[in-house]
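Structures incoming, each one as structure tokens.
Here subunit A shows up in two complexes: once beside subunit B, once beside subunit C.
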Partner chain A sequence: MAHDGSFLQYRSGNSPLHKLDPLTKLAGMLAFSFLAFGTYIAWMQSLVTLVVLLIAFIFGRFRVRDLIAATWFFGIACVGFIVIQSFTLPSSGPVLFRLFGHSFTTNTTGYAYAVGLRIYTIYLVSIIFIRTTSPRDLAVSITEGLKVPYRIAYSFFVAMRMIPLMQEEMAVIRAAQQVRGMGRRKGIRGQLQNLRQLMLPLLVRSMREAGTLVHSMESRAFGAFPTRTFTDVNRMKTKGKAITLALLALVVVWYVLVGLNIIHTQYIQ
Partner chain B sequence: MNIILIYGAVLVVGAILVGIAKVMNRGIKFAKFSLMEIVIMAILGVVNGVLGTPNAMFGRFLMTFTGSYGFLAFAAITGFFYIAGPLAGYIVRKPGAATMAETINGVAQVLSGNPNGAMVLGAGFLQGLMSDIGYSFFGYRNWGIVPIIVSGALAPLLQEAPEVYFFGVGNMGWGYNILATVIRMISGALYALVLVKPIGDGLAKAGVFKGTELEAAVMKQSKPKAGVM
Partner chain C sequence: MTTITTHYTSTQPIVELDRVSFSYLGSDREVLQNVSLTIDSGDFVLVLGSSGSGKSTFAMLLNGLIPHSIPGQLDGTVKIDGLLTMKTPVHELATRVGMVFQDPDAQIVNVLVQDEINFGMENLRWDENVIKMKAKQAMSQLGIEHLVGRNVMSLSGGQKQKVVLASVLALEPKILVLDEPTANLDPLGTKEVFDVIGHLNHEHNITVVLIENRVDELVDLVNRVVLLENGTISLNGPPGEVYRKLRGRTGLWLPQVTEMAMRYSSETLQLPMTVQEGCDFLVNGINHLQWQLKPEIDQQASILKTSEPLLEVKNLQFQYHIKLPLVLKKISFKIESGGIVAIVGQNGSGKTTLARLLVRILNPPVGTVFLNTQDIRHLSVKDVSSQIGYVFQNPDHQFVSDTVYDELAYSLRIHGFSEAEVEEKTREMILRMDLQGKEQTSPFSLSVGERRRLSVGTMLILNQKLVILDEPTIGLDPSHSHALMALLAQLAKEFGHTMLLITHDMRLVADWTSHTIVLNQGEILFDGETREVFQDSMLLREAHLTEPPIAKVVHRLRYIVPDFPHDIVSLAQLERIMPLNVQSMYERRTDYGS
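So, the complex of A and B:
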């Protein structure tokens, strides 16, 4: 996918994460998401976030400026989440400080912090995966590595390739509707009508293009054989297998510790 | 303990519904999807995923600035996330279509920057599975408004369990979580009612679903009767 300045799109690069096969990165994304899921304790969540940030900077060669630009709005949202959760959840544990007559306690504020940071961490993990993984490589790896039927993987890849076209198309449809005097309605009913007005022409255009594409693919015997070969496959190598196994072991150990109550998930005692 | 009971109850309800659907559809075999059908499901999943990401971001802001109660406010607009399943089921009219479209929707949401991360992969699959269950109650033969509403309403049933964990609202108790589920189900039913049939029929009339069951049904309906000019 071409780089168009968006922070939420793949960008080609030469970092170790770019070179790593997509399935290992997919396993990494899932593993760190599970690790972030598996804790409500503030310092543990901070540790997971720190590790993810280090991976982004060291192995993904993300620039601090880019990462801030991609996540600042989420950072603010998470801080808001932490503050409001600390206010609204029932207080528990020793008092940390008082503000506007409300007592902020260690357990409640710690829990709110852990949940807020978890949301940020999971978003961060997704950003790293999106920015360093080509959708085409992902589709090929899913076919080769996970043995997903290539017709399904390829169709998904085709649909993914159409995302930038759809985004352009959306802007064109909105502009055309505005020129014809179709303003955007307010309220829930209005929003539904806006959505229908946008979705219908967008889907018509996308389906027409897809129809042409399907005819073109079938005329080239796409789908005629049960298997397919690819010229350029980024396969999971020994390093990828080792990383995946290590991450899997880490997740299993983590959840065993959670199950044995060595890592706590409850903040209300 | 409360959270575990909530998850357990949700899983039991889901398992019962899957069991009923299996018994009711004993004779029905899974039909192979054509390439056009697979592409249709993929595009529906991706379009819904791309349009759903801003919705998810809006929902996250809603939850941020209204705290735990934002989860209930967000529940009212979650119906849009469930559209791909009922719509794909309505167009393709084969078992598994809703599940596949919603799973692709989940992947598209992750790749287009959904703030909920990898969680939406599992959520997408669960949404689609329950949408399929909704259609299966009607034996994949009835394609009126009621099956569409049931498909949309059932979509959030299993999917909500991981979200309850993710947003940490399990501690809010049974009443809160049941209310959130009911709001989500109403939202799913409402969005499905307003969007699925008009969009599906509109697209079929535009001639973009050539070779699908829906196109054949719409053409049959719109064909003038013999002797009538």
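So, the complex of A and C:
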């Protein structure tokens, strides 16, 4: 059944983020990742995350339900990370509350929260980028904008294109093996056998399809010349350049201020 | 009347193969051996051959993929439009030879339709304005302008194959090479693709080299047939001449009308191929014949009427997600024990979803699917799999073992058969499926036809009462296809097994099934005797199905011979009312169609 891809796939749309050129979005993704990286204080990290969420909802026209569906698993992993960090890191600062005989302090818990939220934020930014950027546009942009050889850019793009097909293929293989009466084995050895029996048909099918794809591409002159024409390229325009410069300035200023100890992004004893 | 349609006067060879032999790197076996062939500009050549005969290798020789991209030992010369492929890079040949493969999903590179069509031209560094103009022309030629902006994943199989064709046509090739381009398509998609190819050949003088097994749909288009056997060209000539030489040989498709004429005539007549020619053939014969006015045409496996149905579906409704449209809309039907039942309908009609609900790959709502009166929701998945077999469309998906022997033995072992029983049943199935000598081979290393036979064997070996087969004959050559269907019919008739066939092959449906269910957009349009399906032109139109040629011949015949039984849909049924012993009538006549 045809669908619009998984959570990790581009979804066509008409939002301002969809219309924005890929390089500007790439710059945005990197800028917010750097901001998240450089922040260890809970409220600051929350602010970065909030800005990213607002961008997703306002400019990416994401629905809350879709965003939750795309990030809940990662979100739970981050919460687990926060809990473990809160228990294991040395206590620092005033006690916030006690649980199971452990004192949770503002600085330690805040630090754990900021680190967990940072991981979530970086994942969130990546999801926004992937879901609003056509792989082909991205391949074209990095070829033209960053001068990456188009053969390399296209191999990345083709790999992205193949992900949903492989996901469908895997679901069919699971179903087919279920019909053969194959149960899921338990234990590490059993799990490895399950994996082998699943991966072998997937690998064989993928190799066959990859062979056809390569022949199809070559018979249409792919790779014949060092360069190629790109039609309907979503090139970086003035708006994109302005946004990229603004984001670059923000990151530079932020790190300079941090470096000069004018603002603090981490808890100080 | 002539049976050979030559669209163009031969001008000059556009394809020249001179003593070509080829073996793949690392293999001593010559896939092609000493092949010499010329194809004239404007020809429409149909390449026939069983699985492993070298058809795909032949195709890849024509656009230079061999030897430039696929290494191996190539002897002899291949000239395309005067250029030696050995010395001409693939990209230069790309503007002369367009290549279309079987599976559209595996050959589409891009996400958006227009990007896919532009792909080849962009690689050749054509000017952006030229690219846009050529893309527009190609889309217009194929009538797919409305697909601009669409995601290829959202297209039907026929639409995807047209996009691939447009991408190739935009490069303005002189030759189109198509390797089974309709294998994955429903009857409507197949017709669309063949119509387009025929149009390109007729109106744009594009030479077509088509590798196909479906010969019936092509009789009006093809002016030359090449038969490849074991890597050599064994027959080459006008279709009538080639088909006449195939008389009495098994393992190759003939147009059904030609096959009919061969059964009634042993002389080397000019054989009919089209429906009209078949009609003329029968009209001339009928003047001398008697036929049974009330023929008994209950074919192959008669349904065993039992008090309870083997399978009953009641008001089954299904959707993959609450926000998505219904795939099945409250459908109900019953299937009795014994017989071969067909489920037909165009792609997306809900056939595969239905099959998956029946074997509990998907869970049907409680109280909607009953097997031997038991609600299958109350059976474990293992219980269901021991009673219902399901042969997937792609054999590779179902393989779980490293050798053919173990693959067949797998189901027996997990169901607790003794090793002696396992060996006996496995050996028997190896023989039945014609897989002798392959016991220790990896299932994935088998040919397409062998993989298909193995996958069917793995399901038949457990003797399940109900076996669902999703396009079981795709990739099989006619002799293996016939043998498989005969085996299924035998199991149905002698042991009361029920075979549920999901297929797009209407000839298969007409020849082998007694009961047909027609699905359309999740609803049952028809549930009854197979022969009735082909009497109802409205139904056929609505469900986008086509009649087999014999049914078309008989339909036309009833306007000429009003009392001729009009519900004949297969050759076997025709023989029942017109026994083959009347052939002497034909042998005295050679002017059936004049």
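In this section, the second predicted complex is superposed on the first by the 229 of 269 C-alpha atoms of A that agree within 3 Å, B and C clash if a C-alpha of one lies under 4 Å from a C-alpha of the other, contacts with A are read in each partner's own complex, and residues count from 1 in each chain.
Note that contacts are C-beta pairs under 8 Å (C-beta built on N, C-alpha and C of every residue); 3 or more make two chains touch, one makes a residue touch a chain.
Here the structure is a predicted model, which means the values were calculated and not measured.
Subunit B and subunit C, once both complexes are superposed via subunit A, fit side by side. After superposition on chain A, the vertex angle at the CA centre of subunit A, spanning the CA centres of subunit B and subunit C, is 80 degrees to the nearest 10. In the superposed pair of complexes, A:Phe74 makes contact with subunit B only, with no contact to subunit C. After overlaying the two complexes on the shared chain, residue contacts for A:Ser216 are found with subunit C alone; subunit B is out of touch. Of the two partner chains placed around the shared chain by superposition, subunit C is the only one that A:Val179 touches, whereas subunit B remains out of contact.
After overlaying the two complexes on the shared chain, residue contacts for A:Val158 are found with subunit B and with subunit C alike. Once the two complexes are overlaid on the shared chain, A:Leu200 sits against subunit B and subunit C alike. In the superposition on chain A, A:Ile84 makes contact with subunit B only, not with subunit C.
Superposed on chain A, the gap between subunit B and subunit C at their nearest CA atoms measures out to 5 angstrom in whole units. Counting contacts by the rule stated earlier, residues 135, 158, 200, 204, 208, 213-214, 217-218, 222-223 of subunit A appear in both its interface with subunit B and its interface with subunit C. Those residues of subunit A that touch subunit C in the shared complex are 1-5, 10, 12, 134-136, 158, 161, 164-165, 169, 172-173, 175-183, 197, 200-201, 204-205, 208-209, 212-225, 227-232. Residue ranges of subunit C in contact with subunit A, taken from their complex: 60, 63, 65, 68-70, 89-91, 94, 97-99, 101-103, 105-112, 114-115, 118-128, 131-132, 151, 153-155, 164, 167-168, 171, 320, 327, 353, 356, 359, 361, 381-382, 385-386, 389-390, 392, 394, 396-400, 410-411, 414-415, 444, 458.
Of all residues in subunit A, only 7-8, 29-30, 33, 37, 40, 74, 77-78, 80-81, 84-85, 87-89, 111, 115, 118-119, 122-123, 125-127, 129-130, 135, 151-152, 155-156, 158-160, 162-163, 166-167, 188, 192, 195-196, 198-200, 202-204, 206-208, 210-211, 213-214, 217-218, 222-223, 268 touch subunit B in the complex they form. Chain contact summary for the complex, subunit B toward subunit A: residues 35-36, 38-47, 50-51, 60-61, 63-69, 76, 80, 100, 104, 107-108, 110-119, 121, 165-168, 171, 191, 194-195, 198-199, 202-203, 206, 208-210.
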